[in-house]
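This report concerns only the one structure given below.
Chain naming follows the written order as A, B, C, D and E, and within any one chain the residues start at number 1.
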Amino acid sequence: APAHAAEKVTVFAAASLKNALDAVNAEWQKEAGKETTASYAASSALAKQIEQGAPADVFISADLAWMDYLADKKLIRTDTRSNLLRNRLVLVSAMPDSKAVDIKPGFDLAALIGDGRLAMGAVDTVPAGRYGKAALEKLGLWPAVEQKVAGAESVRAALLLVSRGEAPYGIVYQTDAVADPGVKVVGTFPEGSHPPIIYPIAITTDSRSADAAAYIEFVKSAKAAAFFKAEGFTVLK
Amino acid sequence: MSLEVEARHRIGAFTIDAAFTSDGNVTALFGRSGSGKTSLINIIAGLLRPDVGRIVLDGDVIAHSRKRIFTPIHQRRFGYVFQEARLFPHLSVRGNLVYGRWFSGAQKSSSEFGRIVEMLGIGHLLDRRPSTLSGGERQRVAVGRALLASPRLLLMDEPLAALDEARKAEILPYLARLRDETRIPIVYVSHSVAEVAQLAERVIVIENGRVQASGDAAVILSQPAAVHAMDWREAGALLEGVVESHDSAHNLTVVRAGECLVRVPQLFAPPGHSVRLHIAARDVMLATARPEGISALNVFEGTVIDLSPAEKGSIDVRLRCGGNVILARITALSREALQLAPGKSIHAIVKTVALDHAA
Amino acid sequence: MSLEVEARHRIGAFTIDAAFTSDGNVTALFGRSGSGKTSLINIIAGLLRPDVGRIVLDGDVIAHSRKRIFTPIHQRRFGYVFQEARLFPHLSVRGNLVYGRWFSGAQKSSSEFGRIVEMLGIGHLLDRRPSTLSGGERQRVAVGRALLASPRLLLMDEPLAALDEARKAEILPYLARLRDETRIPIVYVSHSVAEVAQLAERVIVIENGRVQASGDAAVILSQPAAVHAMDWREAGALLEGVVESHDSAHNLTVVRAGECLVRVPQLFAPPGHSVRLHIAARDVMLATARPEGISALNVFEGTVIDLSPAEKGSIDVRLRCGGNVILARITALSREALQLAPGKSIHAIVKTVALDHAA
Amino acid sequence: MTLSDAEWTAVQLSLRVATVAMLCSLPPALLTAMVLARGRFWGKSVLNGIVHMPLVLPPVVTGFVLLLLFGRRGPIGAFLADNFGIVFSFRWTGAALACAVMGFPLMVRSIRLSIEAVDRKLEDAAATLGAGPAWVFVTVTLPLILPGIIAGMILSFAKAMGEFGATITFVSNIPGETQTLSVAIYAFTQVPGGDAGAMRLAIISVIISMAALMLSEIFAAVAAKRSVAA
Amino acid sequence: MTLSDAEWTAVQLSLRVATVAMLCSLPPALLTAMVLARGRFWGKSVLNGIVHMPLVLPPVVTGFVLLLLFGRRGPIGAFLADNFGIVFSFRWTGAALACAVMGFPLMVRSIRLSIEAVDRKLEDAAATLGAGPAWVFVTVTLPLILPGIIAGMILSFAKAMGEFGATITFVSNIPGETQTLSVAIYAFTQVPGGDAGAMRLAIISVIISMAALMLSEIFAAVAAKRSVAA
């Protein structure tokens, strides 16, 4: 393994974790005196990089699919794998006067959107988009809004589309919605309407770091949980 | 036709500071390489905007720096044959030739096109690209392009330099016709006195950016001392004459210049038509007595006006013969042998074939 | 020195099919515009690879298409003065001049550099960019660049076309010296008989890609009929002679050619040195009796060999004078007046100043 | 290799977007290149900098900037929508705009390079023959810079084929409207097992571009032959 | 505006990556441009296509291809690591490689355009003066195509400053090693509240690129003045 991996724990994490994980890592350094290197990118890119021998010790994916991908290829130590965080999907609007809605089967989302667009992560690619589509399908709303969906490059982009007024409504993560004063959360998708939005964590098979296990422990600790909660994540035990 | 040019301009270390007026139809610019001929022509064309300058053509103020007048190049309609051909590489020869036609109000008829193409011998090149032409072919196309643009003034910067004598001999008479018939004024740069003598009415001599001498071609061409730049061998006198008669049997024409009758190779001008004869000083022989049984057909009686100092063993003798001034170049040895001095009466002998300028 | 060239090549509709051998130091290529001179020179230089061809210089096979020999251009060391100057725009004049020096084993001494620069009058231009030079200045730098590359053969394509006569008169003697002293063979394209007469030992006349005539300069230059391309006015005879004595007081030199003593403007060659004199037919006057009291210093007795048919009223008369053949051009009228016929004895009169070629 | 309907739609859309982007950016690119090559004015470096901006910034940023400017509420977007009815957001026109902007610096550079290589003496010659500045440009300058224009168009087209960062940020990924080939390829790369699909589309994209390239090379060869220096 | 240590590191890294990418791609770009401009051989269109590939494909794809080829387990990557100790994966050298590859078509195009505009008669003239092909190239061709080289270098540098798709895919986003400015900007855009940070870095990136541009313009002006057609 590369020299720097021996002393620092290298974390490959989904880009959406940047704020929270940066804080967690700073805290860990304060406590344990150990440095970390964090590389934030799309889960897909990170997974493929690990497949190609990237010097990652810990991988935190934004969805289960890419973690499964690596597990299939025996590139993570499955004994270290656990589900770290969970996120919720919310419906947001840029209009301050928009009323809260109850998202359930039969809810006329299409009428709400009107002839505008529904911004969300691209439904085949961005995890948030996939979850959103699943939820809409489950609720039976998908056929009505399918033609109105604007699939953004990321949740952030979807949020921007809403806050810029390009699209009247959008489906984004709760974590993103709460941080943006430009949008208003008008509804939360029911728990069961979509597969759980899970951020799994695991140590890679190639990891030579002696500190990786300790690091994971810390990330899963209550201390770290505070930082995740602050960003709007639900911490899983 | 009158052209007034006045220009002062610095380019790098070189300063052009020239002024001349010309009322001739053809004005020749003479000068050594680097003397500023092309710069001056560029100023006339508007390609070079002088620091101070004034250009007036036939009373029409083309440019006047103090009055802030500057007619844009394309509105001047001055046809310019550049020293390098400057053909458009993306157009065929035909495309180059007709380029100016698009813009000139007065369209040259297609017979004119054919005539010019034939004179220049470029008919077989019309569909070729300029990059495939030989040096002389390029220059001929450039001449054609300028002629076909119906210019109101022609600027020609050594247009015939790369051409063989036979071709020159076809083009020069055309230019002379242009001068006489269409009365398009021409400013002509050349190093060849033969060309200039045949065409130019006014000669401007440039040296180091300044006008060294200017005036009537007849006068300037017989002042070789002033004309550093021209072929020293071709210095001579210009005679104004009138066609008197033709001797077709012997292919001769008799021209009356003053009181002299000069026999020259046949000219294609009707009797009464005025012509100019350039008699090079080196072609004039002197004799104290009228020689008999010689091949030369022209023997003029005259008197010596003056003699120049010897230069490289040669002396130019000015003679007055029947109202003309003729220049003869002889050796210093001959001057002694013939005891020449101003006032002495003498015979000037000139071969007819020596007066054959256009081959 | 011997140069053998044989080439057959098609470019577009044009076919060059020429072969000549030359053992002269200077070989002149003559021909009308578009006749294939530049193409032929390009073949010699290696810039054009002919379909079939052979080039042998002093027994050294430079190229031979059948034997698949083709010496790369840069190994030929043939200095080439192009018809257009082709200076390197990114180098200063100095950079252009010394460019060849980097590659030639034999370095020209810096005194040679100074000499050539001074002869060409480009000393004040050394730090300038080619784009700021006048047309003639560019051509002079191009000549200097080729000369300074220590070539084993010089190819010159109208090198002096854009120059004034005074400058030509400085460069031509230099080239003559080069020919005589360093014995670098030169292939020279020019439209000017005066230039060629001064330099060339062999003349090749090209017409439409084919060799029309080739041979000794003296022979070819006195066959104006064969030389369509040259200045008809300058046709004449070349005399081989030896410097007999100098008359410094009168700036004259006496040259013995056969049994004739010819007085010419002073030459800077020691007695005994062999020289060549070009006597233009138009400068020769004929007289049935020896004329007296005339300025012309050269009067030769001879007999008429033959007369050409009249062309445009002129007749070329070949004379034998003291072992030389001299050409005289007279009018048809004079022939009648003097009753010239082969065998008739006659006097040929030539002015000394007419023999002054280099001004 | 047969294409699914969706893929076929993406191919058509990509071609349309790339072609429109290339053609529409040509006039402003020509103008900008001309100004940069020939102009002498104070803010030239600034203009030059702005032209290069889409290259210097991550495409996502460019996409954001486009959204801010040309979005429904953006100053330019609102103006165009209100006055001319031109709407970019979530339209293929927006994708074309994004691609045009991303390819703009490439096009300007190529054309500028050619303009700077033009022998201005030829333009002077045209002027002496009576051609005014506009005619000189059309009849002399333009033909002479054809190689640069073609090169610029190639780069712009190729860039448009590969562009997705700015496009997806600006106009999202709407099948049939803004989902170009490269956006579709990107989508495939984002899901496990999508490699085969990505590969398929990438090959299609490469084939199209290769064809376009060969076509352009033929044009360029013709243009080059025509403008060989005399 | 003061920079944090991390930002300063990213700036330095970006400069290093962009400079190395630009300089290292120059020789192969020159060679490729020369071959494309002058060569007459069968696979020319194919070579031309390959050169344009990074432009045509989404950067993510290029990044993946690089990862597959030059990664630790990739055929070329393994070969280079074993035999020369050159490692690209997750090193700044990999970022430089990604940027070089992405900028390669731009550089080749510019240089090729200039090569095609060179008056070959000048090269002939040099040959008659004794310069062999290599010397002709160095003393005549190279100076004459300087404008194209400079333009190509500008484009390559600017592209390297803005590149993140291929980089982040190939060598990830490792601070101090592969996190260039534009990758850092991208990371900022992916989290709530990152806009200000992204803006800061974008401004820095623009300032650096502007400075580089101005410098290059000065060079280009000098080069242009030197190679004005005579």
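FYI, a residue touches a chain if its C-beta (ideal position, glycine included) is under 8 Å from a C-beta of that chain, and two chains touch if they have at least 3 such contacts.
The model shown is predicted, which means the values in this text are computed figures rather than measured ones.
Here the chain-to-chain distance from subunit B to subunit E, counted in touching steps, is 2.
Taking each chain's centre as the mean of its CA atoms, A is the chain most distant from subunit C.
Copies subunit B and subunit C of the same chain sequence form an interface built mainly from equivalent positions, shared numbers / all numbers used being over half. If you average the Cα atoms of subunit A and of subunit C, the two centres end up 89 Å apart. Note: centroid distance subunit A to subunit D, computed from Cα atoms, is 35 Å. Between the CA-based centres of subunit C and subunit D the separation comes to 59 Å, rounded to the whole angstrom.
In subunit A, the residues touching two or more other chains are 42.
For subunit C, the set of residues touching two or more other chains reads 84. Among the residues of subunit D, those in touch with two or more other chains are 60, 64, 121, 165, 186, 189, 229.
Looking at which chains touch one another, you get A-D, A-E, B-C, B-D, C-E, D-E. Across the interface of their complex, subunit E is touched by residues 45-47, 72-80, 82, 84-91, 99-100, 102-104, 129-131, 133, 138, 145-146, 149, 155 of subunit C. Per the touch definition, subunit E reaches subunit C in the complex via residues 121-122, 124-133, 135-136, 139-140, 143-144, 146, 226-230.
Residue ranges of subunit E in contact with subunit D, taken from their complex: 45, 48-49, 52-61, 64, 105-106, 109-110, 112-114, 116-117, 119, 121, 147-148, 151, 154-155, 158-159, 161-165, 182-183, 185-186, 189, 198, 202, 205-206, 209-210, 213-214, 217, 224, 229. By the touch criterion given at the top, residues 11-12, 31-34, 38-39, 83-84, 121, 128, 132, 134-137, 140, 157-158, 161-167, 191, 228-234, 247, 250-252, 263, 265-266, 281-283, 285-289, 291-297, 310, 312-314, 328-334, 336-338, 349, 351-354, 356-357, 359 of subunit C touch subunit B in their complex.
Taken in their complex, subunit A has these residues touching subunit D: 42, 44, 47, 65-66, 68-69, 117, 119, 122, 124-126, 149-153, 157, 160-161, 164-167.
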